[in-house]
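Below: a set of structures, written as structure tokens.
Heads up, the next two complexes both have subunit A, just with different partners, subunit B and then subunit C.
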Partner chain A sequence: MTIAALSMPLLRLELRRNPTRWMLPPIAAVFWFISFRASTAYPPLWNVRAMSMQTSVVTVFAPALVGAAAWMASREARRGMTDLVACTARPRWGRQLAVWAATTGWALAAYLGCVGVLYAVIARQAAWGGPLWWPAVVGAASLPAFAALGFAAGVLRPSRFTAPLVAIAAFLVLETSVQLIHWDQPYWQVSPLVAGPWEIGTDQGVATFYRYLPDLPIAQVTFLAGLTAALLGGLGLTAGAGGRWLRRSAAAVTVAGLLAAGVATGWAGTGRLDPHGMIAIPALHDPADDRPIGYAPVCRDTAIPVCLHPAYAGYLPAVADALEPVLREVAGLPGAPVRISQAAATYRSGPANEFGVGLAGPAMTGTPPVFQLLLPSQLPGPIRPRDDLVSTIRTDAGRDLVAVLVGADRDPSPAQQAVMAAILHTSTARLDPDTAVAAQRLTALPAAARHTWLAQHLAALRADRLTLEQLR
Partner chain B sequence: MTADAGGLPSARLIRLFLTGRRVPAALAAVVACALLLRIALHWPWNTYGARQLPLIIETGCAAAIAITAASPFGDVERVTGRWLPLLRLGIAVALTPVAAGALIVAGTGVHLAGGASEVLRNTAGLTGIGLLCAAVLGGALTWTGPIAYLVLGVYALYTRWHPPALSTPWIWPGRPGHDVGAAICAGLVFAAGLALITVRGARDPVGDRG
Partner chain C sequence: MNVEISDLTRKFGRTRAVAGVSMQTGAGVFGLLGPNGAGKTSLLRMMATVIPPSSGRIRLLGRDPDDYRERRQIRRRLGYLPQNLGYYPGFTVVEFVEYFALLKEMPAAEVHRAVATAVERVGLGDQARAKLRTLSGGMLRRVGIAQAIVNEPELLLLDEPTAGLDPEQRVALRAVLREVGQRATVIVSTHLVEDVGAACGRVALMDRGKIVFHGTPDELTARATGTSAAGDAPLERGYSAVLAEARS
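Then we have the complex of A and B:
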């Protein structure tokens, strides 16, 4: 605080003279090209857009900021003014901190502007939820750390080669660090590039039904703050940095920074995939975050109502249209669900970086029964085009629904296979000839007659007491 | 600036010029980059990382070469001799293949993603960007262009696995090594950088911003 108070006029001067501000328009342009375009290409969900922003924004700002800070740190040496300014009343450490603070300040201003615009666009487009602040906080916390890294390099090695080489080295370390992230070696999750389970990637299934876990962001911010303190404190340890008390303060800051960075890395090392798709760190985890978030579902008035989480409201027409033919067939049958309801995905990690995503329990639950639906977009993987989404829902969710209804979810009998093919209107080419004939016979019936027959025989079919010959 | 009676620049002039432009330091940086690449290539990389790594190292080489465009003397040097443009051209023309060659040699015997053609194309194109920055922004800020382009290039590589892919040949790191359009674009940028730096030199000969 003493240093900061003493250096305010100097800080204002450095802010006016700092060339980092001239680098802001190109940085903003690269942010738009990489972060903004990529983020807004995702569906309007806070989770995917904010989390992808964290990764890309760090990539955009880090090399430029490291280079700019290194450049500014070597200013006195480049201009041959080291001896001249050494005899000024201001301690060297204080002067250096003012330059670092000005460089960081300009970068933070640009960051806040860029992220502010992006968040405003997301807020306008998202159907549900509010801003996820932790990805923005981690990105902001990385800027002082990268500036300190470049600044320390520039002070230690003032040369015209320092700025580009340290910027590229920082970028190399940053990009390659994510290569080393594994379930069994999770310390590298402390990298600010990591917004969630790295092996899973961008995933629409997280932080919607359950909270965005702050565990990993807290560890990352602690690490970045510690790294910043250690690097800046280290500059105050050298002879000539200031008086004895100043150097002792610098030593204390350095030690505290190193401890914080070490502890945070240790925390990240204990991070594991939690059932809701986020990284949970036992030392930081709040059990209250495991409670589901309440919401009012959005529904479509189909033969059986289809209800989705409001965040996925944009998918509702496509999902309802995809399921409508099957729902018309099964509505009103004994044991048919009264509602199709979107469920939260459950995540399980396995050995060798494997993971599984699926429903937590059976597909049909409750009395009266409700069919639990997992959207394909809740599963990790690339964004699917609408037609692909519709086709997948019709094929997978429709088949699952009918399979549960006719009791064919495990080792279906020929009669069950035939009825499934008739209800789903799928090809009979893969069925054996007798089953195919039975399926075609049932398919050829008028819809009302088929529905009546199913209502009469569904219980026997589900109990596997129906043979192919008994199918009309 | 001095010259032999025959009109050619003397060896002493060339040596002083190279020293003034920090060419030995640039060569040391290129060798360090090549060694780093060699060491890094012994590690297992996934496909994306294997393509990123050479690009990042190539950017380091290109930035080091572009930095040699900055003159510590400025106008004083500009009025002392007619060999200056040729010497500026000579440095860039000589260092670029040296850097590409060093990286190709570093990748010999191990898997260098993209191969020699990508190394040559990327190094030349990135050096061209650095030289353009030297001529337009000034010798002090030559590194900003290659680093900004590196971020774009890495993103272009990323989009190869996460469509829609960036397909413009002007972002050549995203294109395969045999892509003619990308090679032409990189070559044009290199030629433009060479031409500008030969004719005009770096923009701010004395001092620098910041």
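Then we have the complex of A and C:
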């Protein structure tokens, strides 16, 4: 249908003289200022940077494209060409599709250029993995839809004011629509602004240990393609758009587009947070995507080896340095882990848009035991500076490790608290006076003597059979 | 006959712009004269298939423009220059003419040659790569004529084609019209009586939506004989005499 309506020479001519191309440099500049800088501010992980790009790139391209398409659609009326083109043989719909295609083509070229540069930068910086294509595909699929939206507005209201008005309206609608995206209104997830669970935001923990789930992107691309078809098909329904056969084709395209958009919205409505932090849609979900991706961890040869997923290789020196003092204390103790190994985060959604992120099971697993570590950057929240990351790992992961080792992970006894403070070399100010004294006594011991004492008494300590007085 | 019109009317609201016009014409240059508001442009727009008639019958190039398929066939063989020529200022002369060649569904292989020929025929060969925004009003008018003739039309409809042209260009345009008129029907709507005298083999004079005279320019001139009709040239006096008679 469209192939017949869109002759290549006409499309070439429209491409050559389409003013959208003059908008590309400012769009590229805005992309750099908003999307590129925001994306590259994140650590060089494919998942987080590509998802950040998808969320911001739509708001960069959509308003300008909607305006440009409306401007082009109103061209004939603004330029007094209506009579002249009305008496030509080519159906009006075909003429309009050529203008829309040229406008969309330039926007797509700019988009692909911008995303190409961003992906090239990520590819140079990322330690592991390859390009994440789905966020780029969703962004690309949104361009024809927004162009069709602006084009339809320009055709229906051909005025020089239509273009700026619809551009501003598109920006405002996009900005306000994010307020509607919640777990309890999952249909809004079909918006191309959504790259993952909206409440969690851009999260470094997803799509590294497990595949990037294509469920939501498939629904979004289907919705956008349907919307594009419905809008463009709708233009072919009007009187004078073409002959009976062409208008029937346009009606079929419109109906198919509406159906596709409706089905995709329905799919998005069934989307749920999956254990690996992405949105799973039952009708589209492939169980094969739930299998973890194989990888060879990168390790640091500390007192107890610290191993991370290769995507996080850049964090390894900081993580190992942060844990080194604790690992020296506990290495070789009965029940001490033989390795510290980074684990995948597990996500749980709760009522009222709540969610939880943590380990799937106990921190210490296996024989010989391995301590499962979650990096702070795997948890939702702002990007942390390196010093903050080190102190968080030392206090949180180090404390968790020692707590598991001394059996203090639940309701610790005074003796367990004192031993933890001594191993972690933390302040005793918040301990009760007797516990603090015992902790200071143990801390004052030479490291080798403390290690020997711990080796002898760790089983009793873990069984909560030691009193403060029995601590040296 | 390339144009067969019978009792054609066109209303805009309560106004009857064309009120029961009948005419037939074959190959040749046909002049459509008349004062402002006579209905010339409305008649031309109906013949150009831009607007449908309110009533009456029209056949163009032996086809019925009411039927979509036949209308498309007519449009492929039609050239039209509206009174107010719109244009895309960013297009070059060649691109603008090429655009209309493509909209008229000319075979892609023929477009390049046809565009070059049309641009040369209107004397814009040296301006072929100029952007339309840089051209004068007269040059733009010639671009409009080029797009109208690019498909070698069998029916060429020109609404005030010489408006804005200098005398030299008008002479050249008349030559083009005579040349096209040897094999096609050319209908020229104009205020300028001398254009009709110089280029047209037949002429119709419209007033208040009706054709009040149909004949040759010489016959129109002869209508002034024995009257005190105003005018600087014999044809103008014939024009005035017919109008005065129609309105009396």
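Quick notes
The criterion applied here is as follows: the second predicted complex is superposed on the first by the 466 of 472 C-alpha atoms of A that agree within 3 Å, B and C clash if a C-alpha of one lies under 4 Å from a C-alpha of the other, contacts with A are read in each partner's own complex, and residues count from 1 in each chain.
Just so we're on the same page, a residue touches a chain if its C-beta (ideal position, glycine included) is under 8 Å from a C-beta of that chain, and two chains touch if they have at least 3 such contacts.
These figures come from a predicted structure and were not determined experimentally.
Placing subunit B and subunit C on a common subunit A by superposition gives a fit, with no clash between them. More residues of subunit A lie in contact with B than with the other chain of the pair subunit B and subunit C. In the superposition on chain A, contact is made by A:89 with subunit C only, not with subunit B. By the document's definition of touching, neither partner reaches A:367: not subunit B, not subunit C. Of the two partner chains, subunit C is the only one touched by A:243; subunit B is not. Judged by the touch definition given at the top, the superposed model places A:10 against subunit C, while subunit B stays out of reach. Once the two complexes are laid over each other on the shared chain, residue contacts for A:160 go to subunit B alone; subunit C is not touched. Judged by the touch definition given at the top, the superposed model places A:75 against both subunit B and subunit C. Shared-chain residue A:64: touches subunit B; no touch with subunit C.
By the touch criterion defined above, A:26 lies against subunit B but remains apart from subunit C after alignment on the C-alpha atoms of chain A. For the pair subunit B and subunit C, the least inter-chain C-alpha distance in the overlaid model is 6 Å.
Residues common to the contacts of subunit A with subunit B and with subunit C across the two structures: 17, 19, 75, 79. Subunit B meets subunit A in the complex at residues 22, 25-26, 29, 40, 45-46, 49, 52-53, 56-57, 59-60, 63-64, 67, 70, 140, 142-144, 146-148, 150-152, 154-155, 162-164, 207-210. Residue ranges of subunit C in contact with subunit A, taken from their complex: 45, 48-50, 68-69, 72-73, 75-76, 78, 80, 82, 84-91, 95, 98-100, 102-105, 108, 111, 147. Within the complex, the subunit A residues that touch subunit C are 7-10, 13, 16-17, 19, 75-76, 79-90, 95, 242-244.
Contact residues on subunit A toward subunit B in their complex (touch as defined above): 17-19, 22-23, 26, 30, 33-34, 38, 41, 56, 59-60, 63-64, 67, 71-72, 75, 78-79, 159-161, 163-165, 167-169, 171-172, 175-176, 179, 382.
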